[in-house]
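All chains are identified by letter, namely A, B and C, in their written order; residue positions are counted from 1 within each chain.
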């Protein structure tokens, strides 16, 4: 297996009193795309949001166990949560550009991290937009409001915004679920490009998409990790019957 | 890093104190009213204070008397009278707006209700003197129209915006499926409104009228100006009355500090505070129960 | 079926009558005040002192007094109201303490205005020894306005989508950074609008200032925050009930009522225009 970036040890998660993630343990490799599939409500989004502690913002949520990134448990009491989120970027299911200009959207993460140098910000914005394959489409209208972009462009803008703070890991929560096929294809191509530099964990509802873009695939059901392996094995020779049933479309 | 965490915690702490301040104000009002009222009860028994209807604190030849029962009765008479007028009008208007009116009519009406809500109580009281009073005097052949009826009409106008907007909200909160089920059974819109929607929204409407009544009980300027201010047990709506709020407003400015009379006025304030507090709590409880049922 | 339709027709007529009655009340109020007040309004009325036992002259000190006291109200109620709303909407968890805070706010908004007046007398006039003055009256009104500004500000904060906060946090913003840079800029227009509406209500209040600083008649303007002052609503009360020549000064009372209503209307209009303009800037 490749170099391991994220290690999850016996991780449990509760909303109120309800256990929504049950004893998850897995290793997520560096510079690879790891896909997470499973029926709705299986806990895949919750799991993803546990990796950058976004679940902290939900009232009544509680985590147990460890998620170790680069040798550091991000659930330690003395961890700097803000630092974790800088290192672990996130792209949401519904693109969520801020009501600012395209430029300011990408610059936002730099500014809150204290970057004041105009030149360096411009440079980083350009680089991030290029990395997100959006630069050519927006370079002439950087001062336009981000809401003027199409849905697919907005989502790539959100990717660019996440890239600008130079994270090491990129979490994507069904990033293409609201997009048309052409825009989806663009995002998928982009993900293949991004994995050279980033470790990517992507939640998807679409099994063909998981088969196309991820190197490893984890199948979640009812809060449990049922099976986790190289994508081709999961999709051709799954070891559990239930995985096969899901993949062949008997339920879900 | 540590610095930024300290900063975050400090900011959080400041906002927390800001939030807690609200409790401090409410408790502060209560505590200060009690401390200022207590001296009065050294000389007046609580029962006499609440249930005697003789208020004559400045009597010089006989024993001064501090009974507020007639004011309590007057206060409730005017407020309940106001509710009697405002409730059908308010709920009717709310029902029209939520179920019959077009989107445009609703959008036009909303700011009009806001304008009505924005008219100061002193202006409403003024109109009670110059407009409503003479009309009442003419209809009932009285020497003047400054009486409980006048106060009730004015307070009804003041309670209308609260009742309209909260009732409209309650009617809108009724799930669409109730309405559709009723219409699908062949009920008319009117039947659906009166037999399904209004009953379903009833607790919201009751809470709205309680809040409206709470406001009416605490209203000062309107009743001070329009009810004639006569300290006696009212026999009908055509009698002049003096509410608790009006008594405080009239007498606090003229009474010497630190006398029993002075403290007794604060005690009236305390009674007012407790009455409105209880009414608010009840409407709060009704509203919360109702929200849970709808969920 | 026929009977049902007849009942419906009658029912709808009843509803329309209700609406008509409410509208009629509003129209009568506004028409009476505007038609009878407009004649008294002129430059002199707005810019001079009352004369001859307030039977002539203007209402300048009342306008200035109301203006000053509303500023004090704003200084107390706006920051505290916004701060409390930020705490409740952004920081507070759903626990007992915060439920008590919310309950307190609802109860504060139901406390009678005259009770605020009593509270102001004890706290500001006596305990803090400010005496009866602009400051005491303004602070009293400020406390009364607080629950309104909190509710309006929280409403504005609720309208900012959750994704703005999450998006900022996911980029490594601290909580306060996400609030300051990505929530408040979009909430402030709504907060201000609601706050100004609350202040306009405070400007028309009489009961809380009765014993905390307002004066019957002053032939001069307040010199400092510790002076007594005249105010429009109280002046209207005096002119319509306490004056020795009530029928003679009725036109002046109408004029005062019109100025008061116009002031409140202008404040409301300002609030709405502000919301409209800031919203336009935001989406540009």
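We take it that a residue touches a chain if its C-beta (ideal position, glycine included) is under 8 Å from a C-beta of that chain, and two chains touch if they have at least 3 such contacts.
It should be emphasised that the depicted structure is a prediction, and the values quoted were computed from it without experimental measurement.
J.: With centres defined as the mean of C-alpha atoms, identify the chain lying farthest from chain A.
T.: Relative to chain A, the chain whose C-alpha centre sits farthest away is B.
J.: What pair of chains is linked by the most C-beta contacts?
T.: Counting C-beta pairs in contact per chain pair, the top pair is B-C.
J.: Using Cα averages as centroids, what's the distance between chain A and chain B in whole Å?
T.: Distance between chain centres, rounded to whole Å: 54 Å.
J.: Centroid of chain B to centroid of chain C, CA atoms only: how many Å?
T.: 17
J.: Between chain A and chain C, tell me the centre distance in angstrom, where each centre is the average of that chain's C-alpha atoms.
T.: Comparing mean C-alpha positions, chain C is 48 Å from chain A.
J.: Please output the residue numbers of chain C that touch at least 2 other chains, ranges allowed.
T.: Residues 174 of chain C touch two or more partner chains.
J.: If you look at chain B, which of its residues touch at least two other chains?
T.: Residues 4.
J.: Residues of chain A that contact two or more other chains, please.
T.: 82-83
J.: Quick one: in the complex, what on chain C touches chain A?
T.: 93-94, 161, 163-174, 177, 181-182, 186, 282-284
J.: Show which residues of chain B lie in contact with chain C when the two form their complex.
T.: Against chain C, the touching part of chain B is residues 4, 7-8, 11-12, 14-16, 18-23, 25-26, 28-29, 32-33, 36, 88-93, 95-97, 100-101, 109, 112-116, 118-127, 129-131, 157, 160, 164, 187-191, 193-194, 211, 214-215, 217-221, 224-225, 245, 248-249, 252-253, 265-266, 269, 272-273, 276-277, 279-281, 284.
J.: Please name which positions on chain A make contact with chain C in the complex.
T.: Residues of chain A touching chain C: 52, 54, 57, 59-60, 82-83, 85-86, 89-90, 92, 94, 96, 98-99, 108-109, 111-113, 145, 147, 158, 161-162, 165.
J.: Name, in rising order, each residue of chain C that touches chain B in their complex.
T.: Touch list, chain C to chain B: 4-5, 7-8, 11-12, 14-19, 21-23, 25-26, 28-30, 32-33, 80, 83-84, 86-88, 90-92, 97-98, 100-101, 103-108, 110-119, 121-123, 143, 146-147, 150, 174-176, 197, 200-201, 204-207, 210-211, 233-234, 236-237, 240-241, 250, 253, 257, 260-261, 264-265, 268.
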